[in-house]
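Two complexes, one shared chain (chain A), two partners (chain B, chain C).
Let's turn to the complex of A and B:
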């Protein structure tokens, strides 16, 4: 048996391979379920029901998916140019901090103005944090994987400091309870992001924004000169330089774009869902890191990012709903792991094929 | 007379298939003890595959290998080494912080090498002995990084001799040598043959093959076409066999039209190499419109850095580059492009083209900013496809279409794409660095034709090449680079190979 590089990659492989990979993940999960004494089909059915079908399930899934679309797009945008921005996590925190600050500052002004301000502030906060590893990379050839990753811890600690260890502007210091159990100030009603309800499905502004961004990113990367430069530099930085492209500027632009998208995800968390700066919820969710997984599974395609985010969001959501004595608690984690494993493993078969020699 | 002794090595009906290509198709090959046998063929003719089979890297799908009449089967390169077959690769496999002697013993897994402790003095003694016997002058205590390319090659050969290889395969060994060094190598090869060893000499240079080989086996498209006695063959007959038709092997056409004004002036240029060393030292050259200035030199004497400095890819640390009298912004490729510098880089796949992108994208790699290819921030994809199809038709690029990723193209076709793109920008100067490296004979012919055409259209062409034959075939004037400096400049008509070789080796010139 030998593994060979494919000389040509039929287009249908890019569809068939991921689908088969996910099916395989289900088969493997079924084996795990059988071994632990659970009926696989019934468990899958309940899982699927809780994620997409039950009353209100899809709305909850969209809630879980929204931050993942942002962080997934953020990662995809950078990875396309072989820039490994692992800092989506910290950039999301940054956007949450700046978004919440602006939401509090603009209390009393008309709601659309507050929301627009939060969106801009969130994007700016994320972009600023991404600019640090970007400058280091562009001018000092520092490895952006390390710098952006390390920055996550820094921003995470700043986030906690703002609420737990200081009397910052963002912390709620009124009332007795707030002194014992520190928490963020509740944002004014004007800072609550709008949402639309279609046949009982609630679409928050953040999700709509994320989908619009996915379309814009697709246009930017596949139709414009900017996208062409990103493709060339991502494929071969030397070829980009040879062609007279400003590679440093491109690194700065792409990293800041990536950071801005992740920061928007943070602003959306506070504006759409949490309505206060909530360090615990943000840090536990690991949206930034999960976004990297989303981008990888989506093969950096912005539309696929939306779909994958909905799938992973659905699994997370179902995991929350079904948690209990009668449902295998680790199942969702095991399935997410298996899907990731199979999908990334399946990549191999897009580019290579296995030949059996007798 | 008794029956002749069985040949040292015989390959019978060797077939090796790869996806989509049969690299070796029932190849027969035979070399006797004490024979220098050349394996001649274009790139892609199957020479490399055949030597990989002989050294145990590949296993043949069909056919058999006989060593001294015994059937041999290699499971791994180790088996082939044990059977006495060694190869000197084009790209050396040496550990650069180690000494020559250490490298020699490194590949050996018998007696001395096997013992836990190295005994440097014993090894050095043996290395000296071997070096003396075969004329391979190397200081066993010198570290590899201190050695010139020619010396490193000698270490590689010593490695093979140290393991007592009976059959040595040399893969295009002269590509990195000056003519004088090549002569010395031929003496070594003859000494090894006189000792009863078999030398298989892989090459596509006809003169060399004639000079050193006893017999020549010609490969074409994976088949062994013929085995001829070198003494009876002419370069012309060998070339015809190799390519399958008559080709021109000659010097440049004399008396081209008069040349015009200076279009490229390089004045006291200094530039650092990748490791921070001064790679270009005070180089000054002038190229006139309509002429080809050839820059000869052994690889690694600053030619690549010179080309990159002109094209703006590498910042100059001192000096000027002027195009049509106007200075170029230092270290800015875009400024060079705008001033009309076309550049065919040495590294085709990776610099000259983005390998993962389509042929169409690579055709507009530089033009994508121009209004005829883009509208505002958006690209005009239909225009791009038309341009690419035009290039495919006009330059006869063999491919299934503009969407094919560049890495799938052969070297020759890729170079056509690069040249087409570079000509499309209305350049004044063409800097071509090793434009035919790794190309087959017909690819080389095509590139040469385009370079000549560029000069006749009035471009100033700076041709940098390690292949002296190429420079002699094309250039009007020849400059030689040695250790970063231009050490001599001659009119092509007056230059002799001997004199140029001497300059390339850093010898005194007759100036």
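Let's turn to the complex of A and C:
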């Protein structure tokens, strides 16, 4: 048996393979469910009902998906150039810190100004953190995977230091509750990002921003010279150099762009949802690392990033709804894992084919 | 190449259509099925069987279920992170028809407050918190009293006078528990020093093992903890040093080295509140359970606890119950030797809820 690359990909494969993989995921989870004594159809129904159908479920799914769109885009933008920015996690923290700081500093000014300030500050904070591994990579050929990954821990500790171990500007030290548990200062009302309600579906500004960014990234990578050069360098750095492309500049630009997008995700977390700098919530969520999974599942396509983020966000939310006294959380993990595994595994058969040869 | 870009879009759209069809077809059946049982739910920060904090709450839930039988339907959500996710969990519990919700970790408080405002017909119960409102009650208990007694067992077991204590977050709750533990240890081993290591997590077996390791390497010959998993105990059993647990009876993880643990008995409170919610007499409250009521107590002793120690602990326990003794009564000195509570004064519950200093003999920072 041999696996070989397909020279041509018949169009129907892109439809049939994913549908079959999703069906396969259902069948496999159904077997597990039956073996553990749970009705499969009812369980699936509950899973998808909780993720997308039930009253208000889609709104919650969008809430969970928003940070993943940002971090997914951040990873996709860099990975397209074979530049492995694993630092989305830390860049998101960075954006949350700078975003929250500006939100507090600009208290009292008109709301649009505060929000604009938070967006810029979040992007700048993320870009700054990404610039560190970018400079090291561009000028000293350091492995950006390691430097960006390690920075995550550094920024994570800074984040905790700001709220737990110091009396920083961001920490709330007044009031009884703040004494009971260290917490960030609550942002002023002006710093609450706007949201729009369409037929009961609440779209937060962060999500809208993320979708706009996805469109912009698509335009950048498929319609501009910059995007073309980035992909050439990604496919073959030597060819890029031979053609006279400036590799160092591209590395700096792409890393900073990636960091800025992740940083925006952090600002959106504070502006849209948390309204204070909350280290535990940010650290437990693992948005940055999940973003890498999102980018990989979406095969670095910005529009697919949005869809995959919604799927993952929905699956996460549904997981919490499904589990309970009669449904162990481990089983939920098995179902989510099977769906993702089959979706990803199926991709193999679009690009490759299996030949049986003796 | 172009077609590949839509590789995921097409199946996702198809899947969405499938799901919608599935949802519509079974949606009507869902609304008809109205369960007669009263629904109550619990939210845990760790697994329901963590052998610690969350398990103690789950024992309480099962107690309610067994006492009220088929007239209630209880459920739980486990491993729920503190942060924005919990609001979604609360909403889905309310959608499922739960009429009373117990949140058992401090980090859920802001989401609980917001949900309580939004759903005035649902009763909210927040463990270890501070925010009380018309449909949100607060409950906890004098864990420190039992922890003091468990500290006495640790103090009696130490030879070098150095005890390691694995602690989660530097919050007043944990600070007062560490203080009570230290005071108890010093009662049976005068001058005992308590070393703290913060894990910055309620439940993280990996970090807890590492903390236990470095405490042992730093000279501690007895280990205690305020975190949720029995990882410290497993390490202590391996190294042959005595261990004091927390929240639940976890003797099975360290059969030889187990001393005891301060444990909570949440069941009776849960039963009372669920019953009240069922018959419409539910009222908000700030409940602080005591040793006397049996809300907090000591887990059974392990083989290493000497009869003399047991007698000393029993005596202190009786004095605590009668109110003749209180661990947070003056004179109390802080780490630097400054007098914090003068003789004849004692700390109130409100002061305990804001405690941010460590007593003399504790090595570590109250800032985490």
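In the analysis below, the second predicted complex is superposed on the first by the 341 of 358 C-alpha atoms of A that agree within 3 Å, B and C clash if a C-alpha of one lies under 4 Å from a C-alpha of the other, contacts with A are read in each partner's own complex, and residues count from 1 in each chain.
Quick note on the criterion: a contact is a pair of C-beta atoms (placed from the backbone, for glycine too) under 8 Å apart; a residue touches a chain by one contact, two chains touch by 3 or more.
Source: prediction; values computed, not measured.
Considered on the superposed chain A, chain B and chain C are sterically compatible, since they fit side by side. After the superposition on chain A, the angle chain B-chain A-chain C between C-alpha centres rounds to 130°, nearest 10. In the superposition on chain A, no contact is made by A:249 with either chain B or chain C. Within the superposed three-chain model, A:238 lies in touch with chain B and out of touch with chain C [touch as defined at top]. By the touch criterion stated above, A:225 is placed in contact with chain B alone, chain C being left untouched. Ranking chain B and chain C by residues of chain A touched puts C first. In the superposition on chain A, A:56 makes contact with chain C only, while chain B stays out of contact range. Once chain A of one complex is fitted onto chain A of the other, the partner contacts of A:320 are limited to chain C, with no touch recorded for chain B. Taking every C-alpha atom of chain B against every C-alpha atom of chain C, the smallest gap after superposition is 9 Å. Across the interface of their complex, chain A is touched by residues 19-20, 311, 313, 332-334, 336-338, 343, 345, 347, 350-357, 361, 365-366, 368-369, 374, 377-379, 408 of chain B. Across the complex, chain A meets chain B through its residues 4, 7, 223-226, 228-229, 231-232, 235-236, 238-246.
Contact residues of chain A toward chain C in the complex are 9, 11, 14-15, 18-19, 21-22, 42, 44-45, 48-50, 52-57, 60, 63-64, 160, 164-166, 176-177, 179-182, 269, 273-274, 278, 280-282, 284-285, 297-299, 301, 303-304, 307-308, 311, 316-317, 320-321, 323-326, 329, 343, 347, 350.
Remark: chain C residues 3-12, 14-16, 19-20, 22-23, 26-27, 30, 47, 61, 74-85, 88-89, 91-92, 95-96, 106-107, 109, 129-131, 169-173, 200, 353-354, 356, 365, 367-368 touch chain A in the complex.
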